[in-house]
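Quick heads-up: structures coming right below.
Both complexes below contain chain A, partnered by chain B and then by chain C.
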Partner chain A sequence: MDDRTADGGGLAPQAHANANGTAGENGKTTKLKIFRGDAEGGEEVEYELPMVEGMVVLDAVLNVQAEQAGDLAVRWNCKAAHCGSCSAEINGKPKLLCKTRMEEYDGEEIRVHPLKAFPVIKDLVSDVSWNYEVSRSMTPFTSDAQAPFTMYEEDVERLYEPKKCIECFMCQDVCHVLRTHNKHAEFAGPRFFVRAQWMEMHPMDNQNRLKYLHEERGGVGYCNITKCCTEVCPVGIKITDNAIIPLKERVADEYYDPAKWLMRKLRGNRNGARNGG
Partner chain B sequence: MDRNGANANGARERYEVQEHDVLVIGAGGAGLRAAVAAADNGLSVGIVTKSLLGKAHTVMAEGGIAAALGNVDSEDGWQTHFMDTMKSGKFINDWQMAEIFAKEAPQRVYELEQWGALFNRTDRGGISQRPFGAHTYRRLCHVGDRTGLELIRTMQEKVLTTESKVYMETTVTKLFKKDGRVVGALAYTRESGKFIYIKAKAVVMATGGWGRIFEVTSNSWEGTGDGVVLSYDAGADLVDMEMMQFHPTGMVWPPGVRGLLVTEGVRGEGGLLKNAEGERYMERYDPQRMELSSRDVVARANYTEVQEGRGTEHGGVALDITHLGYDNIIKKLPTMHEQFLKLADIDIAREPMEVFPTVHYTMGGVKVDPETCASSVPGLYAAGEVAGGLHGANRLGGNSLSDLLVFGRRAGEGASAYVLESTHSAGTDEREVETEIGRVLLPFENKAGTESPYLIQQELQSVMMEHANLMRTEDSLKEGLGKVLGLKDRLEGLRVQGSRLFNPGWHTAQDVRYLVQISEIILRTALERKERRGAQWRLDYDGPDEELGRVNFIVSKDGQGEIGIEPREIPPMPEHLSELFREKVVDSAGGERRGAESQF
Partner chain C sequence: MASITAAKNRLPWWVGPITVSTVLVLFTVYAMYVVFFRPDGQYQSLLSPFYSPPVGIPGWMPGWVTAPMLVLWIPLGFRATCYYYRKAYYRAFFWDPPACSSKAQEREPRGNNYNGERALFILNNIHRYFLYGSIIVVAFLWYETAVSFFPEGGFGMTIGSLVLLTNIVLLSGYTFSCHSFRHLVGGNKDCYSCVKSGGSTGSEVRSENFLRKLRRKTYNGVSVINGQHASWAWASLFMLLIADLYIRLLQAGVITDLRIF
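Coming up: the complex of A and B.
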């Protein structure tokens, strides 16, 4: 890696200074520190830039990219907190960069790093492809019924919440099972419990995912309900209360109810508990 | 499999080789639906996307998906949807596409439901539908104001059940042809900068639009029109390139969110537009349809109010939904509520939003066969925003999502049929691959270069804002063209630093080439269409021109590699379609809901 200084990765930075000046409307500037590096290591680099009213951290990062460090890697798309691309960590906490205002850190240092639970690729970009493998490993929504479905609001209103997920993967990032214990091979993570929960609750779905959740890749038993995921969800899904705990209850019903245990022994495979709950 | 190529310095450059029956470029709604269709036909499918899966611009669609289910207004049917689409497009739409679209949209919505998508429900347990601008009936199937998220997530999860290979964060730089057919593409992964030569018997282009040529846009960084330029370079005809949609309501404050979309769903749910004087000015522009007039009309109204000095504090107009009340707003427009609260410190349940037109959508694009979505180049198909024809001079809100699925599926089927019938092999002379790799790496090796891709992009965006905005004149378009040609010359001086590892400067150097090329095409076609029609609003002409109402402008690369433009006559509508308009003229005499076409 050759570009670790504030202007080293720059792209004719002097040309930009002329175009946009170096300070905001009132001549005010702001600073932030951004991790610059890759899988082999790196360090924080401090940048100073013009402060613009209402600026979010992503605005600041993109300004640095355009003006000072042309090769600064950051993921973003919609810039409206709808797509979940720009997840990173600010002062050690996962945040959507597009939804976090610079003013929130008034007087505080701002240190921006990539998500920690996944391998870093470069700067603020980490490799989240593992999540798509997990997604592929799940039994998708499946129905015998033929659409158009007849379903009433009261049948589906509980599904709206888990369906709001924007796949920012911040719940995955903050989860100790992944972040600290690296159980990526045997634990699907909060995002996919949310997905499992809406499928299990969908009145037209005919699959049972409890075996996956309990015995296979799901690994819902690893979760010890610390609610870290719920706290970071940018769309306000109560992941622990409304997805993980109900799934754990179903697993308990399925596997630890003595009558069901006996039935399973006799039949040798799945039993009972369709998606009643 | 790895191969060796040569970079510009003659050093050997390794690249990976992949092969698919169908290569889909773009993973929004259209690309994913095309991939599912091709995979269902038993073909090997590759999907290339510049972003992560599920992040394409489809995710930003808010208001809903238009389909004449007739769940709320039982009078609705494909005929009315067809007529609304044609009227809104000012009759330069491809009527055959519009017919297919209106007829098939309901099937595509039900198919989404079959695959797990969830929509808000009616009291009778069906999919609920909301009103939207210039739709005669309540027609937009929706889930709150995050319908695009529901669509893309459903399609993403569906695609993951197929064997399709997904190349995430990968950019295509060129299509290869052999014996006149498209036979593959060169791509590189953004993560590592590694090149991939993808052989394919057919390519489906589904890369979306090119809103990023403007400074104020609702589009993400991805909307750089890669697909339309790749297709044009491969020899494909383009249509209606002068037609850019300005969405009437983008955010205006704070500066960082300028242009961000405010869903038409706000007006669908009863939002009122007022100027700084508190006047509900749509009365003056379209008294029948008011806020729910077509997008071109509302956008010009909003623009005019601000131009004439009746704008709000930050140069917008007021969009007021407070009368809906907090509970209903949270239920119907939760995303908008959150967006304004977090980003602009505005509680839309208590105070109005400030809005102004923002570049949103590109009606023009690759000209396709309505049945199969085949372009004019064998082996190349296109669907979704990158294709042109369905929407004519102005797109109706909600028609985009159904467009993606109807024509995404047809492109996947069309490409499949072509592959299944063909006997040609994929791939081209590998020297071409090496030459292209050399070209793509040039900005690293251009030691004498001084041009920043970011700066050229910014300058281009300002030029287009100034000269190709929603009001246009010949003098200004010409001046803009001169400036764009100046920028085009400067592309040779592009220089990027750093390594190939996830280097946005290098990525932007690819993008600006597309942006500059498209801008030139838009300015040239906008000069040709000397009239006022839909999104093309020439201040130096008084109104629509009857002759021009019968033609599309077709763009293709001429023998000298320059932009060729020819007007092409629109074939007359067949009797079973044209009679619809005659009948409706009779029975709409008393029907106010059908409204009169605005003259503005």
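Coming up: the complex of A and C.
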């Protein structure tokens, strides 16, 4: 990922324009409280800046960085809600800074913090590398066939939604299993349930990840389906309904359904050995 | 719709869990009252959905056993293990978490004893069996709704029959939008086009194609109504109460069942 973890460096051209162009014309200003600190600790610092119609929070943060705090660290890249780099918390809720308009908080205090489920590196930048470790722990897509595959639309229409994921990790951040209960060592999190659902439902994949999800690193049983991940997903993936619950149902098939358990016993198969056909 | 969502988002985080817990407690209290103290739910051709399917009480059972006790555990178990209600009561009663904002999650009970659905709540995995039982109950409710359209032997329509019809439509929507049902009709398959019976004759191939299309259409249809599972859950719950209250008011002679034709 070619993110710009700007520490006084990368600056959005639009932010310059806002700061130096039309911003002062109507004389309106706005205030923003930004977390300044690192893993050792920190505090909110309030900044006042020119308010421009249509401004998003990332514009404001970059304006502060350009005009008032050159050492402010913020991660961003596409500024079009496609790369997932600028995820942070605004007033305690995970948001993409580039997709959140300042007008949404008209009359409210705006407080910007880094993602709290992961260690802070500096200011608004968290270390999300844990997610890549989880990703590596999962059996990747594996097929006996050679790509490009010939598949029917009816078999792949369910796979479009999980592929929309931009890996902003906001679902991971809001998930209370990680954020409150710190189950990082035994719970993969919603982002990787989305990935697992894509692979498990892929007609050309020949691997089985139910054992991983239930008995190993996946820890899908920790999820109590309270849907915070779905609420914050910036691309609208119905994570709980379309990824986590289908996986829980497949786990129930394998581990908790007495009729299916009996059938497996009669056929001499083991739990977790399913390869959905 | 957008303005409703915006207004909802402006409410304090505790409004949701407090409202849900209040409604669920009131419903549980009412259901317990019906189960323990109201042995009769029939008024002419109308049967309260709490009493469906109508079962006789065996003579060897203690006198305090009522008809709803023998049947109500199926729909109540279905709701108690439902994926939507699980979300609702984990948030409302256990505050695990009460809502999604950081302020709300700070109120969540902490510690190392969080098990999610790996300890006691592992029992929720039995949900599909309550679904199977509920499908049978729904079939009986459709039959009893049909009976209510023959109030005095001939075909006719009363307010009571419309109440029961609304109830069973909403209850069917709730039952068949269930996540376990969605899994059953296609979510458990990776490949719809892979239906192979080994047949090679024209009729066997046609049968395979029919099965493929049926499965896909059923899965997609269930997926559509599954998107509104929470709405079906609440609407059917309130309608259940309304239907039962309507029949109680008829029994008490407070109102009369108006005949439309």
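Just so we're on the same page, the second predicted complex is superposed on the first by the 235 of 277 C-alpha atoms of A that agree within 3 Å, B and C clash if a C-alpha of one lies under 4 Å from a C-alpha of the other, contacts with A are read in each partner's own complex, and residues count from 1 in each chain.
The rule is short, and it goes like this: a contact is a pair of C-beta atoms (placed from the backbone, for glycine too) under 8 Å apart; a residue touches a chain by one contact, two chains touch by 3 or more.
Predicted model only: the values in this text are computed from it and were never measured.
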Next on the checklist: With the two structures overlaid on chain A, would chain B and chain C clash, or do they fit side by side?
Outcome noted: fit
Checklist entry - Does the superposition put A:Y152 against chain B (first), chain C (second), both, or neither? => result both
Checklist entry - So, A:C228: does it touch chain B (first), chain C (second), both, or neither? => result second
Next on the checklist: Going by the contact rule set out at the top, does A:K164 touch chain B (first), chain C (second), both, or neither?
Outcome noted: first
Checklist entry - Should A:D59 be classified as contacting the first partner (chain B), the second (chain C), both, or neither? => result first
Next on the checklist: After the superposition on A, what does A:H82 contact: first (chain B), second (chain C), both or neither?
Outcome noted: first
Checklist entry - In the superposed arrangement, which partner chain does A:D257 touch: chain B (first), chain C (second), both, or neither? => result second
Next on the checklist: On the A-aligned overlay, A:H202 touches which partner chain: chain B = first, chain C = second, or both, or neither?
Outcome noted: both
Item to check | chain B versus chain C as contact partner of A:V174, first or second or both or neither | outcome: second
Item to check | After superposition on chain A, the shortest CA separation from chain B to chain C (Å) | outcome: 12
Checklist entry - Looking at chain A, which of its residues have contacts with both chain B and chain C? => result 152, 155, 202, 205
Next on the checklist: Which stretch or stretches of chain A touch chain C in the complex?
Outcome noted: 89, 91-93, 116, 152, 154-155, 174, 176-177, 179-181, 183, 200-203, 205, 221-228, 231-232, 238, 240-241, 245-246, 248-253, 255-257, 276-277
Checklist entry - Touching chain A in the complex: which residues of chain C? => result 83, 86-87, 90-91, 96-97, 100-103, 105, 108, 110, 112, 114-118, 121-122, 125-128, 179-180, 182-183, 187-194, 212, 216, 226-227, 229
Checklist outcome for this item: The answer for chain B against chain A in the complex is residues 51-57, 59-60, 69, 110-111, 113-116, 118, 120-121, 123-127, 143-144, 146, 148-150, 153, 157-158, 160-161, 166, 168, 191, 220-222, 253-257, 260-261, 335, 338-339, 342-345, 450-455, 458, 495-499, 501-506, 508
Next on the checklist: For a test of understanding, state which residues of chain A touch chain B in their complex under the given definition.
Outcome noted: 1-3, 8-12, 15-16, 19, 38, 52-56, 58-59, 65-66, 70-85, 99, 101, 121-123, 125, 127-129, 132, 135-136, 140-141, 143, 146-153, 155-156, 159-160, 163-167, 198-199, 202, 205
